[in-house]
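What follows is a set of structures for review.
Shared between the two complexes below is chain A, which pairs with chain B and chain C, respectively.
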Partner chain A sequence: MGKYHLGEFEEIVLLTVAILQEDAYGIAIIDEIEKRLKRKVSIGSLQTVLRRLEGKDMLSSQLGEATKVRGGKRKRFFKLTSTGKKVLEDTKEQRLGLWDAIPSFVINDP
Partner chain B sequence: MKDFQNINPPRLAVWILRKLLRNDLLEEVEGDLEEKFFSVLSKSNKRKAKLNYWKQVLLYMRPFAIKKTKSNYSKYSIMFIYTIKLAFRNFLKHKSSFLINLGGLSTGLACVIMIYLWVNDELQMDKFHKLDKQLHQVLLNHEESGKLNTQPSTQGILADALESEVPEVLMAVEDTDPTWFGDNFSLENDKKNIKAIGKFSGDQYFEMFSFELLHGDASIVLDDKKSVVISESLARKFYQNPEYAIGETLTWNLLQFNDKVKVTGVFKDLPNNSSESFDFIIPFQNFKDLVGDGMNWGNYNAMTYATLREGTDLASLNERLGPFVKKKAEGSNVNVFMRPYSDQHLYNKYENGKLVGGRIFYVRLFSLIALFILGIACINFMNLSTAKASRRLKEVGVKKAIGADRKLLIFQYLGESIMLSLIALVVALLIVILLLPQFNVITGKYLTLSFDPIALLIMFGITLITGLLSGSYPALYLSSFQPTEILRGKLQSKFGELWIRRGLVVFQFSLSVILIVSVLVVHRQIEFAQTTPLGYERDNVILFPKEGKANDNLDLMLSELRNIPGVAYASASNHKVVQKSGFTTGVEWEGKNPEVETRFENVASYYDFIEAMGFEIVNGRSFSREFNNEGNSVLFNETAIAEMGFTNENAVGRTIKVWGNDVTIIGVVKDFQMQSVHDKVSPVLFRFDPTFLPNMVVKMQEGQEKETLARLNKFYEDFNPGYAFQFEFMDVEYQSLYQAEEKVAYLSKYFAILAILISCLGLFGLTSFTAERRSKEIGIRKILGSGNWRILVLLSTDFTKMVVSAIVIGLPISYFLVRQWLDEFALRIELQFWFFAVAGIAALAIAWLTVGIQTVKVSKINPVDQLRNE
Partner chain C sequence: MNDPRPPKLAEKLLLRFIKEDLAEEVLGDLDEKYYSVLEKHPKKANRNYWYQVLNYIRPFALKKTKSKYSKLTIMFNNNFKVAWRSMKRQKMYSAIKIGGFSIGIMVCLLILLYINDDLSYDQQYQEKHRVYRLVNHMNDPTDTERWTSFSPAIKKVLESDYPEIETVGRLIPFDWFNGGNNQMRPEGQDIITYEEGFMYADPELLDILEVQMVYGSTENALSNPKSILISEDKASKYFPGENPIGKTIILNEDTAAHYTIGGVMKNFPKNSHLQTDFLLTLVGEEFWPGEQSSWCCSNYNTYLRLYDGSNPTQLESKLLSIRDNHLVPHFRQRGNLWADELEKFYSIELQGVTDIHLRSTDIHSEFSKGDITMVWLFGIIAIIVLALASINFINLSTAKSANRAKEVGLRKVIGSGKSTLVFQFLTESILYSLVSFILAIILAVILLPYFNIIAEKSLSIPFLEWWFIPLIIASAVIIGVISGVYPAFYLTAFKPLSVLRGDTSRGSKSAGLRSVLVVFQFTASILLIIGAVVVNEQMNYITRKKVGFDKDQILIIHGTNTLGQKAESFKNEIKQLSSVEEVSYSNSLPVEGTMRNNNQFWIEGTSTTKEGVGAQIWGVDEDYVKTMGFKVVMGKDFDPTLTTGNPILINQTMAKELGVEDPIGVLVTNKFEPPYRIVGVIEDFHYETMRDEILSLCLRLQGGNSLAAVRFNPQNVDETLSKATEIWEQFAPNQAIRYSFMDEKFNAMYKDVQRTSRIFNIFSILAVFVACTGLFGLSGFMAEQRRKEISIRKVLGASVHSIFRLLSSNFIRLVLISFVIAAPIGYHYLEKWLEDFEYRIPLSWGFIAMAGGIGLLVALITVSFESLKAGFQNPVQGLRSE
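After this line comes the complex of A and B, so read on.
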């Protein structure tokens, strides 16, 4: 079992970064979350989580090339690290394990 | 995407973001926000986009993202906050020394601020004229007996000549000195007759001097000969409202002369920083008519002012101006030169043609006193802080041990002293506001505390310097210790520390001794000057202007006056005796050296004048009614007789020439002190001349002055209807000669008291500290059998030594200083031993008293209490 327990929002962010692959930067992540989960996220709260995850070594980041969009300001792209992947997988397994432990009639019962 | 080039994110929000966000986050976040902004913008409108941007920025203000303020500033800013905190704690912990320091520094600063206000006012005197830089006064150097005698009075025709012949002179204006006419000038209309200070001035007067005209045009007000320009307050006296004055007719009276003139202008009452003082001006042309033939190169009957072309080199101009009059008039002995007009107030004393100072002496003196007082207060601070150093040694040690470097410690102690001096500044300002009215009464000024940028700058400057100065020694001293040595408990007292503290106390008390001696001597000299016999009787003598019917019939007036009970003598003269008024060089005698001009004070008088004044006749007689024709009789004083090479015995009966006429010397008057005791006795000529006698003199019998004055007043109303009986006592007039000195004496007394007080405060603080530090020693001594008296002696010996050495240093310096001051006086007190003895003993007594209060308290303490807390 991993030492670290992901928070709900952390998990979403990690997953979104994984979905976006090479294109995971601030606004793209927010747009993706909004699109998929219909959930409003402020840049501030996203950055908080990104930094925290980077600090836990689950994400790595690097600055991209400057582009004309965004007034020439560079984007910071995030990538899942192997720790990140591992934590995600652990989390998934925990969840699945929990799901499996639920007697089927509890959920299926109308 | 639409084109949104003109729309940008809200600038304030961006600015906030940039200010607060961590640098490493900024680029990325700003980019994100901008992208978001434009995406919102493209979906909805500008307002929403902006609102959203704001929202995002505000939501971004999270702990992780915000700049670490502290880490980004220098350690000094943290130190700064701690300095303030520590300083306040220290103030609270050591209340007595804090109060002593605060009291000393704030009185010191208050003195400095008041003196600064005074000095500033003095320096600004007469500087308000728009043409100030170009404005000059013409002075004459008279060659007399091989020396130069500098006088401001010039020929009335000099101004015109200068203006037309000297290219650098743009304008030249003649003017008369209002004091020449005394109280004899008045203006009247059909309703009122008002005595006022008047003068005659050239027609460009108001163009040259920036006295503000309320009504009338500066360039033409004096053009018409029959015009007068009056002051606002004079206009109010005549017409209630100055506006009504213009075009009205007034009559001026000066002795037997009078004329009708029209009011062409009203000037605003003269500002306080003008050394001129007058109520009305009449065109100079009128004065020319009065003087008639007297307007020539041999008569000095006007002041002359000139404006020079900008950039004129005064020195080279003066070189060329020198012989200006000599070229015009054969045999003239005067050299012309100019000085800046605004110098007249401060630099007006000439000796042998050379500027030797004047009022500037007092300006410098008081500036020096201000510095001394502040210095004493600073020394207190230094002394107490170094003395307290041992209390704070541990603090320094700990700080150093955990990494504070020397700079930080210096910063801390300087910060502490600067803070103290800022608090002192506030207290000082309060003191100044409280005392300024009183100070104005003493100095006769209208000073106000203004907070214009320059004044503020100077005040804060002084405060900052005070803080730095008083904090510098403790700061450098405390911070220099080695932490290990401090913490190991070494360094309890160092030789250097003691030595410097002693030195400072000695310095303070030397200053106090000097001040005590100065105050004593100044006081005695002024008292002496006011009471010393001058060779004439000035008690019960009144002076009043000759006016009205007295001008028509002097003999009648005098005989009526004599008939009034209580009147001893009544006479008239051109001279007030307490002041010099006019001189002549027109005396010639047998054997006179034609190369040398001798100046005789010219006293024109009537019968009984010599008796009324109480002049003593050494030989011969005075003017008498028994002789019909006294017009050719003259008297001289002893100095004049000696100057002419005669003796008191052989002079009487001799014939000499005055202004070319043969006259006979009928008597010799004993020398008397004319003017103040500053001046040496000069030769005096008494003439009998009924034509120009503007002053009436009455000597009253002693013992019934009040009744006599009442009778005189009654008589005057009957005899001279329409004129008010306005008289002055001669002794009061005489005393007013010493106004400047009296003010100095008064002020120096207060400043001396202050200086001594501040010194005592310092000594008090120092003693209480010593007593506290030696309390264990005292306890042990007492237990071993030492009496209270022994302890008292033990504690005061040190201070006594310091004060005695201060006296030894201070007395010679003070002797030298007062010696110099007294040299200004022709008649002066002898410096006596007891002045110095008193000063020394006083200093010692004050010191003992200060030390005594503290030591007696300590010596009485129960030794058990002192030793128990271990």
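After this line comes the complex of A and C, so read on.
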């Protein structure tokens, strides 16, 4: 019971964090999403989702080193937790299950 | 070179609202984003930064203001919660409290807007503190008079003899040669249009009244003879989209009345006492030989601007030299006894320009004016209504105190101090007050358009003024505190022990004060009802009084002077119409807006030994008396075959003032024209409003008049009108017909009085309504308190009737006391008000009794609602609970 269902944007963010591995912080995530999916994301909306996921214990975060390009401010790096991984995998299973259930002619037909 | 940096302001804003633990990384993210955007689109970077910052205003990122919990805020929140709950628990009482309150506040708001508008008149001049209007003052002990017109020669004297006067400008704001109403057309156009309100003015007046110009300048616009200054409105009407300076305007198809436009002025602001679209120059005008340098014939309103620092009171006493050096000698030379009167009683006053609108009720002038006493009266009504609503609040709060007593007791036992409890109840009343204010403003916004129609103003709620919102909030708090302070102390004075033991006298302890307040409410209400009744009666009396002529079947066609030679044949054609009974040309009719004048008449040969009789002289034709339905009481009407020898008709008042037994055949003179022979006396009729008594009047024969009065058979008004229009169009194809009905014009004379009385009525009704909601709440409360008693009485056999009497008799007694207080006060003030009218109703006690009856009836209906409910209820319901 109580399986958490990811929202579409949440799923994208989780996946992106996973892609970036050690390098997942605010702007990097946005750049990645913009690069791969060609969609605009504002920092504010991303942060909302990051906090929410952190609150659901799917992400963990820690502050990193300060760099010059950020005016001496530190980055916060995000990492998938095991729960996060589990949820992602579950989600993937569900999607694949759904895809498998579609008779092939439905999609292949013009 | 400076490196570009993220916008400081946006950064600050962000730090203002964002959680501390988020700040560092978020700022970092934003900076990084900023610089990366900067590389690609330098122009977008700043904008993007702002966008991102604003995007951060989301719940998750905001600082928790509540994080700094303090005892005070907890308590405050709790107070609000308790207040909110008690408001919800007693829906009816809350509705009455808030409803009454918001109606009271709305009335207050509307009245304040109205007053504010009246007070804003003529405040627009930068130099208003040194701009004055001259006023004649005749302080005859039997009859004080003030008027504003002066002799033409006064200008030169003021300019040369009085060093404190900077500028003098004169104005002729009435029908006078080309002043007043004209048929006009621009040269080169065919269509003749009727325009109103032409005035003559000196060029200096533009400077004194700070007239704003669109084209041209105040120095040059009127400086050439025969120049005219027109308003922006009229410029765009006749010369759309061009600068009309130098164009010519022709008045009344008169070759002598060609005026060249010297400038275009901005429209006068709505709150200026002077309203005109056309100013004709006085430069080079001399209305008859020697007119400009003469001391006879006062036709000029005179405005001054003094030098800074000069003392107007001193100037007033210096101005007496005008009387002594010019006016008195002028009249004495001509053997006019007026000179003695002047010497004894006459003085010249200075009236500040800002006082012209509101403080001129006793001054004869051409401008429409407000009345400072009305401003006061409305202000008082506003305060009364607000007081009524506040009293409702106090009464209902203390009455319901029993329900809160336990709460107070318990709070005290737990350790709450008196001050915190007082604070709690004050919070509650402020909450009520705030809610009421919000409702009141919503109501006012909805009702303002209707109020504007009734009040004939264009008021708006000044939401955008910086002071408005703070003022509203401050008044909400203040009124909340004022009306909450008594209940708060009353409620917190309960002794916890006795309350919890259950023997509070359930809300009846303050019954004495409540009664006093109810008496106050109803005294005020009954006063307003008395006022409304008497004002209405007086208005009815005035509009229905026999005026001495037949005003109901007369059509007036205006502008007939442009017909010239064709006037006679036009008259004959109109007369041919089957529905038309009589037609007559004249310049003056017994309604406002037609020509008036003032002349002195003497019986021939007595002008040096007697004082003249001041009288109007109206130019008419021989059918005038027949058409208007006047009665000839002595002598005969004009004889169409005998028009030589200057025959005139006079009214009864003039006959009396001339002081001759048999005026028929007597010769009278005004010293301008050859003497007139009186051929008949007509019955007095009202030609001014009923505020004024009927004054002397005579009628003389004259051609070229501007008004045609058409008496018609009222059964086919439309047909008469359309046929008359047809005929008019044959005679004057370029000039649209302009007509009016005499009875409408007549009623228009009382428009301002009627408007005032209508506003008065509405506010009175609202005040009474507010008082009644309070009474309703109280009676409901009483019935509830005595529910058990009533049930037991019913079980023992009491009738509905006796229970009704039991519950309502107390209130009725209070209303009766109020009536006893209100009646003499009302009588006194209304008597004073009626004294202002020359023709008035007698103020009988009948009206006052009637008003009292209305008050009592309204109170009875209000109270009976709850009393009857209590009387009819099943006694089991009231007794079941124990």
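The working rule: the second predicted complex is superposed on the first by the 108 of 110 C-alpha atoms of A that agree within 3 Å, B and C clash if a C-alpha of one lies under 4 Å from a C-alpha of the other, contacts with A are read in each partner's own complex, and residues count from 1 in each chain.
The rule we apply is simple: a residue touches a chain if its C-beta (ideal position, glycine included) is under 8 Å from a C-beta of that chain, and two chains touch if they have at least 3 such contacts.
Keep in mind the model is a prediction, meaning the values are calculated, not measured.
A.B. asks: In the superposed arrangement, which partner chain does A:K56 touch: chain B (first), chain C (second), both, or neither?
C.D. replies: In the superposed model, A:K56 contacts neither chain B nor chain C.
A.B. asks: Could you tell me if A:K79 is touching chain B, chain C, both of them or neither one (first, second, both, neither)?
C.D. replies: A:K79 contacts neither chain B nor chain C.
A.B. asks: Identify the residues of chain A that lie in both the chain B contact region and the chain C contact region.
C.D. replies: Touching chain B in the first complex and chain C in the second, residues 25-27, 30, 42-45, 47-48, 51-52, 63, 69-71, 73-76 of chain A appear in both lists.
A.B. asks: Considering only the defined contacts, which chain C positions touch chain A in the complex?
C.D. replies: For this pair, the touching residues of chain C are 22, 24-33, 35-36, 51-52, 55-58, 60-61.
A.B. asks: With touch defined as at the start, can you tell me which chain A residues reach chain B in the complex?
C.D. replies: Those residues of chain A that touch chain B are 25-27, 30, 42-45, 47-48, 51-52, 63, 69-71, 73-76.
A.B. asks: Considering only the defined contacts, which chain B positions touch chain A in the complex?
C.D. replies: Those residues of chain B that touch chain A are 25, 27-36, 39, 55-56, 59-62, 64-65.
A.B. asks: Report the residues of chain A in contact with chain C in the complex, numbered from low to high.
C.D. replies: Residue list for chain A touching chain C: 25-27, 30-31, 42-45, 47-48, 51-52, 63, 69-71, 73-76.
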